[in-house]
Every structure is written in structure tokens, then in C-alpha cells.
Amino acid sequence: MILVSGRISAFITLLILCGFILWYIMEARKGRVPKLRRLPALEAIDEAVGRATEMGRPVHVSCGSGGSIRDEWASQVLAGLSVLSYVAELCAEYDTSLIATTPVADNFPIMSEIVREAYRRKNKEESFKPDMVVYVPGYNAASIGIMVERNIAANIMVGPFWHESVILAEVGASLGAIQIGGTATTHQLPFIVASCDYVLIGEEMFAAGAYLSRDPVQIGSIAGMDWGKVLAILLTLFGLLMEAAGFSIIKYLNM
Amino acid sequence: MSIFQRLGRLDPRVFFTLLIFAVAIPIISPLGLPVPITQPVLDAYNYIENLPEGSVVLYSMSVAGGGWDDVGGGVIATMQHLFSRPVKIIIFSYFADSVPWVEYTLNNIDKHGKKYGEDYVWLGYLAGGEAMLAGLASSIRSITTTDAYGTPLDNLPMMKDIDNIHDIDLIVHAEISTIFEAYLRQFQAPYGKPIILICPSMMVTMYFPYYPNQAIGIIGGVRGSAEYELLIHRPGMASVSTDTLSTTHILIIVMIIMGNIGYYFERKIRRGE
Amino acid sequence: MAWYKSREFCQIVTLIVAIIILITYFFDIPGGGEVASHLQAFGTIVSAFALMVGVLNLFQIHLPNLMRKGRYWYTSFIVCASIILWASIAICLGSEHPISRTLYMTVNYPLSGTAYSFTAFYITSAAYRAFRARNIDSFILLTIGTLVILYNTPIANAVFPTFGDIGDWIFAVPNKAGFRGVVIGIALGSVAVGLRTLLGMERGYLRGGG
Amino acid sequence: MPTEELILNLITIYLILGLYSFVFKDNIHYRLVLGVYVGSIAGWSLALQYEYIVRTMSSALSKGQVYYILALILGLMLFFKFSKRHLWVYRIPIAYLVGLGVALSIRAIVSTQFLQQIQATILPIWTPDPWTNINNLIFIIMVISSLWFFTFHFEHKGVSEKIARIGRYTLIAAFGAGFGNTVMFRMSLITGRFRFLLSPNNRIYTVIIALILIVSVAVYEQYIKKK
């Protein structure tokens, strides 16, 4: 059993990154919980659901407008699902009506399971309705129809988004909803940033699940990611120095 | 409320209407505004123009309905260019939706006497996502043993000696979604094969970091397509659309200015209170 | 509770599948690639069934609405009817049949193109709302955004060629640098979410909260 | 234009205009067309997926890969979503999909989105051309600072805060560029639709249908109000 050439450095790096994360998780288990910077977008979720409750209008959650749980977008979908789980719990607690939409059939059953689970945790399983989670083909035109029809008060969109992001966000704005957006599909980030009230930019959304759980062990995993960034910065600087000394490290990165 | 203040609080429907006019007018009477040529498009053109005789090109036609208007011009233009060169072309689709568009493209180009089966092959829609691409690189026959029409690949003269990525000299990939990175992972990173990318204009910013090391040329959206149409001297659907780009973009600039004037006066009055 | 009904069992399924895919990618195991591609093909088949579940959900929502003549009952009726019509035509005749093709070209293609281009409308209103010089952040957004819009305007480019140079610089330097930072961060975030999911710690997936 | 083509074109024009009407007002035509849109996509993809299952299964079985039956069973297990008692069954295929997705999303990302990106950032800053050097230097600083901006655990104070701020501005500049560039894509899509609507053959019908839509919406809303 040998490593495939061209993937050796990637494998080693993956192990190092996992090592960072696991190290911090273990530290957190020992009670040394790292401090995190505030993420206003996540703190705004409570505010958004609270306002929707006061107004008696529903909360809309979207876990992406494409990208399935079974392909390379999975990590973004999972990040969206963790936000959905949190919002569903809040909605169950305050008896706020919730509507979660997805155009991706693969994600639909798991979203529905997550919402049901959140209601069960708050002992409100009887309030869970199958129409809380809706499969919406033709998302770009149909989701806004649902948003207008239900007159939503909060629009939370975290997940892999394509061109639909700006449509959803603008219609949400025209309804006067509080909007929280987050995505790691880079070409949609500009719209989320421009038209939402609160944003999770790229990597921040991956921290969402851990951040919202307030579970020290998961928070540890976020601190682990930071060392990955330090590794990237150091590698760049080291590469530059070596390059100046006439020695190229590039081929080792491609090993 | 003053007129200036009102500029900052316009009903969106006002500019929806203006937008319709900005799009419609150049379509009804074309203005014929000029288009300068950019480097990524020129690189793609030069690479295809200098392909040695007998090269094999794998053409991934993964464009579907929604984005056809943006990248269709580039697809037709590159396909036309390839057909005018002495190369062999293998076409496949990553998405089922792209199938009608492949046929549409092949019907709308001058084939320069190229014969099906000898000079080009259409494999049809190949399911399986990224795993399919990986399979295609190791052996085309592990993914499909027939072409789109059900003819076994071994009965097609040009496919006799072609089976894996090492037999292929260039990959042209046209897409409207974001699957290009999968192509990099499966074709470019492990085997170092050159890829030319045809993508919607909005994806250009996202994919620009990959140019020129990983993607040797990028044809982005209507504008890149119009440039390519100019390069091969066949103005087509993209060239028609470039006029509306000018008018709509100017409309947006005007609106941004109006929004800012409105905002400026609004703030001035609020400060005065 | 029987062991196969437990969440831990699901967790183990996830872990095993993921490990097989990862190991066969990084290690050169004879036949490994084949196993991985079969596993992925299984995934595509399962997701084909997921689509059917999704369509059943559409019926689950629209049929009751139609029965009780709720709001927009006519939409519900058309949804159900067109699903049945399209599916039966395309299944019975095959999606390549001329009638299915005509149906696709008359309805599906223009509608999806139209729905895609909805963005054109909303992008104008987004530009109008967001591009205002409120503070330094939005000033940068406004300036760079406007310059790039001008760069993309064929006529502005032809009249003032400098826009081309400025635009090229924006794409080559700040745009590329910013997105590179984002992309590297996303890679790290994905690894973290993936690891948490495999360890059964990610909140979203089949796990209790907190 | 032959009659069939005319009828098909009229249908298409109605569908396009009906869908567009939403941007001005939520109305009955939008709701009607929406039904067709949702239903046709769902029905069409249902058929494609059905074809896909049949094709994959028959090709697998013909190759003697009997274990593909497992995939079929796994797929069918999803239907237990509609059962209250045996809900656990449908978690298994989901677990399978998640495992697949997680592995696929992390396995190549380290190479393409981490190592290769770092590699592309190691740019020469001592070339004979001073302009390239300056650009490369600015570029490297911007990449590093935008990475720093994303750190969650390290405190942003003093120099660290300044670096993070450069990172923030870089990101915003990148988003501005991204926004500006997307405008073009969207405009080219709307142009495609309008080229169809306003093509010499269709122009007149487009105007007529648009007028009919406006009048009918107005009349219908009056009728609803009276009721």
C-alpha cells in the first residue's frame, strides 16, 4: 500500500490539519477552552427569530440553492444544516412558524429529519408539520413565491448558493425581513455581502455549527483551523525566502 | 421631501421598467459598439490555432438551458474553430440537460468535411459526477462502451487507439455551474493536461486565480464569446448581445449615482435636524 | 432499541464510507479506485430515489391544498398535473423522443432561462441599495464595483482604454488575492466540518444539539 | 411561420411574460406559470432519474455486477421517510450519502484549494521589472492579511488588528469586483430572453400578450376586491 504520487503532500497536509483540530479538541476536553472572536451574524439569529415571533410571521431558512450532501459541496450543506438545526430549535421553543426550502432532492430528507429532531428535543414533536420543510424545484422563481405568500419576517440563508442568492435576498429585503446570509461559493459572496444585514463570509460559516452549539469541544475545533491559516502563511513566507535563496519548494507542494 | 432625497428612495419597479427598455432598444435597433480582445481569450485561441495535426481534444459540453445565452456563443465559436483544425474531437456532457445543446451546436457549425466516427465522436451524457471524470481519465471504456447513438466505441475508427487521458492533448470544458474544479482535480492536477475553460462571466472572478497556470485560457461569458467570435471572424449570438451590455451597464451606473445623490442629501438633512 | 436503529450505527456507516473513499484516493490499492467509483455510483442511484421522495413531498403539500381549495389551489393543481404529464410523456416516450424534446424546448428551457434572468432585475436593485458611500467599507465596494462595471461595458472600454488597465489590475491583484484568502479558508473550514461530522460532533447531522 | 410553431411560440411567450410579471407584482399569471415551472422541472427530472436508474441497473446487471441491487435497496429505504414507525430505516441511506459527501469534499480540497493556492502565492519579488515586483508584493500582503482576517481564536489588537483590517478591505474590494463582473452575466441572460421575445416574428405577439396580461390582472384584482 503506497501513496499515490501527486497526492503525498496533500495527504500529509490533511493529516497535519486534522492534527491541529484534534489537538485543540483534546485541549478543550481537558477544560482549556479557547476564546473566540464574536460572529455578529450568528448572534443575530436569535434576534431575527425573536422579531419574527413578535410579529407573528414565519422564519425562512434556506440551506443553499444547489449542492448536494453527497458531493463536494457537502461541507457547505452541513454548515447550513447546523444553522437550520439551531433555528428550528428556537422556533420550536417560541412556537414561531418555520419554513425551510431546498431545491436539492438529496438534502430534502435530511433537512426534514433535522427539523423534526429539533422539535423532538424541545418536546414539541406534535407541532412538527411535514410542510415545514419543502422541496422546491425551480428554486429561483418558486422560492420567492413562497417567501411572499408566507410574508416572512426573517430570512436565513446559509449554504452553497448560486445565482438565486441575490433574488432571495432582494425579495427578502422588499418584505422588510432581517436577513442573515452565509456562503462559501465565492462568486455569490459579493451579493450576500451587498444585500444581507448580517453575513458569514466563507470560512466563518463553517464555524457556525461549532459556535452555535456552545460546546467547548467543538469550539476547540475552530481554534484548530486557525493554526491551519498560520501554516498557510508560514509556508508562503518560507517559500518566498527559499525562492530568494534560489531553492524552490514548489515541487514539494505538488509531490 | 426634496427631489434629490426622493432619488434615494425609488421604488425598484421604476428601474425594472428602465431595465426592460435598456435591453429592448439595442435588440430592436443594433448599435454596433466595438469590443476589445483580452489576453485569456487570445491564449485559448492561440492554443487551439497551434495544436499539431492529429491532436485529440476532449470537449466537455456541460452547458444547460439557463446559461446558454451567456456561454453558447463561446461554445459554438470554439467548436467551430476546432472543426476547422486538423484535430479529432471527443464530445461528452456532464449534465443530462446539456444533450440537446450539443446537437444544436453541431447543427449550427460548418463541419469542414469532418466525418462522424472518423474525426469526431459524441459520447452523450455521462452520469456519475466527479467519479465519472476520474473514470474517464483512467479509461473511457470503463465509463461507456458505446457512443450516444449506441454504436460500440470499438466500431468507430477514431476511437481505436484512444482510451485514456494520455491519448488526449487538450481538454475544452464549457460549463454554467461550478464543476470546473472537479476537472482540475481529475485531469489537470494528476496528469497535467491543458484545459481551456468556457464559463459564465460571473465565474471569471472565481476562476481567475487558476489562470494561466491551471487553465491555459478562459473564455468568460458573452464578452469572451464575442471576442472569440471576432477572432474566428464569425460574428454570432454573442456579438449581438454586446450592445445591450453597454446600455444596461450604463443604466446601472446611472442608478448607482442617483442612489448616492439621494443618500447624500438624505444624510445632509438628517444632520441638519 | 436494536443496535441497527441507533444513531451510532448511522454514524459508523458514514465513517466507513468516508474512510473507503479517502483511502482509495490517497493510497494506491489494487482495485481501490473501482470500489470508490462503485460507491459513488451507488450514491447517484440513491439520490435519484431522493428526487422521487422530493416529488412525493410536492404531492404531499399540494394535494391537500387542492382538496381544501386553499390559497393558490390552482397552482397546486397545475403542479400536480404537470408533474404527471411531463413524467409520463418523458418516461413512456423517452427523453430523447421528438415530443419530449419539443416539450422541453417550449416550456423547460425558456422558463429556466427566464427564472435565471430574474437576477438581472434584482441585481439592479441590489446595486442601487448596496452601492452607497456610507462608510469606508461600502466606499471601497462602490468604487471597485463601479470600476469593474465600467471595465465590462464595451463602450466605456472603447472610449477610455484606461478602464481596461485598471480593470485588469483589479482582477489580477485585489480580486485574486481576496478570493485566494477566502478559498484557502474554505479548504480549512471544509476539513474541520468534515472531521467534526465523521467524529459525530457536527450539530447539523443526525445529532442532538448542544 | 407554420401554425404549430406559432402556437408553441405563443405558449412560450406567455410563460416568459407570466413569470417576469412577478417582479412588478405577485399576480395570478405568475402563480399559474409557477405551477407549470415547478411541475415541469419535477416531472422532467423524475423521468431523467428514472431513465438513469434503469440504464445504470441494466448495464450493471448485464456486466454481472449483482451488488448494484444493494444501491437499489438503499434508494428504496429512503421511502421510509413517510413511515412513522420505521423512520430509522431511512437514516441509513442518508448516512451513506453524508459519508460520501464528506469524503469527496475534503479529499481533493487540500491539494486544489490549499497547497496549489499557496504555491501560486509564492511569486517572485525580485524580477528586473519593478512594476511586477510591486504588484506581487502587494498581492502577497493582501493574501496573507485576508487569511489573517479569518482567524477566530487569535486576538486582533495592535499590529494584528491592522493586518486584519487590510485583509478586510482586500475582501471587500474582491467582492466589489465580483459584483461588478456578475452584472454582465445576468444582463446577457436577460438579453437572451428578450432576443426571443423581440425577434421580428414574435414582437407583435409579445406586445399583445403583455397587454392582455396587464388588463386581465387589473380586471381580476377588481373582481377579487368586489367579492
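Structural remarks
Letters A, B, C and D mark the chains in the order given here, with residues in each chain numbered from 1 onward.
Keep this in mind: a contact is a pair of C-beta atoms (placed from the backbone, for glycine too) under 8 Å apart; a residue touches a chain by one contact, two chains touch by 3 or more.
Source: prediction; values computed, not measured.
Comparing the CA-atom centres of all chains against that of chain C, the greatest distance is found for B. Contact analysis places C-D first among chain pairs (by count of C-beta pairs in contact).
The mean-CA centres of chain C and chain D are about 5 angstrom from one another, to the nearest whole unit.
Separating the CA-averaged centres of chain A and chain B is a span of 29 Å. Per-chain Cα centroids separate chain B from chain D by 16 Å. Residue positions 12, 16, 19, 23, 66-69, 96, 127, 129-130, 181, 189, 201-206, 209, 223, 245, 248-249, 252 of chain B each touch two or more of the other chains. Multi-chain contact residues, meaning those touching two or more other chains, occur in chain A at positions 7, 10-11, 14, 17, 68, 70-72, 74-75, 78, 106, 109-110, 112-113, 137-138, 141, 144, 149, 163, 170, 186-187, 189, 191, 193-194, 201-203, 207, 222, 225, 229, 232.
The set of chain C residues that touch two or more partner chains comprises 25-26, 40-41, 43-44, 46-47, 50-55, 58, 60, 72, 95, 104, 108, 111-116, 118-123, 125, 127, 129-131, 141-142, 145-146, 149, 152, 171-172, 175-176, 179-180, 182-186, 188, 190-191, 193-195, 197, 205-206. Taken together, the touching pairs cover every possible pairing of the chains.
Those residues of chain D whose C-beta lies close enough to touch chain C in the complex are 8, 11-12, 15-16, 19-20, 22-23, 28, 31-53, 56-57, 60, 65, 67-68, 70-72, 74-76, 78-79, 81-82, 88, 91-100, 102-110, 113-114, 117-118, 120-121, 135, 138-139, 142-143, 145-147, 149-150, 167-184, 186-187, 189-190, 192-193, 196.
Residues of chain C that touch chain B in their complex: 33, 36-37, 40-41, 44, 95-96, 101, 104-105, 108-109, 112-113, 115-116, 120-121, 124-125, 127-129, 131-134, 142, 145-146, 149-150, 152-158, 161, 164, 171-172, 175-176, 179-180, 183. Of all the residues in chain A, the ones that touch chain B in their complex are 6-7, 66, 71-72, 162-163, 170, 174, 185-187.
Remark: chain A residues 7, 9-11, 13-14, 17, 34-37, 39, 68-75, 77-78, 106, 109-110, 112-113, 136-138, 141-142, 144-145, 148-149, 163, 186-187, 189-191, 193-194, 201-204, 207, 222-223, 225-226, 229, 232-233, 235-237, 239-240, 243-244, 249-250, 253-254 touch chain D in the complex. Residue ranges on chain C touching chain D, taken from their complex, read 4-5, 7, 9-11, 13-22, 25-26, 38-56, 58, 60, 72, 74-91, 94-95, 100, 102-104, 106-108, 110-123, 127, 130, 136-137, 140-149, 151-152, 169-188, 190-191, 193-195, 197-198, 205-206.
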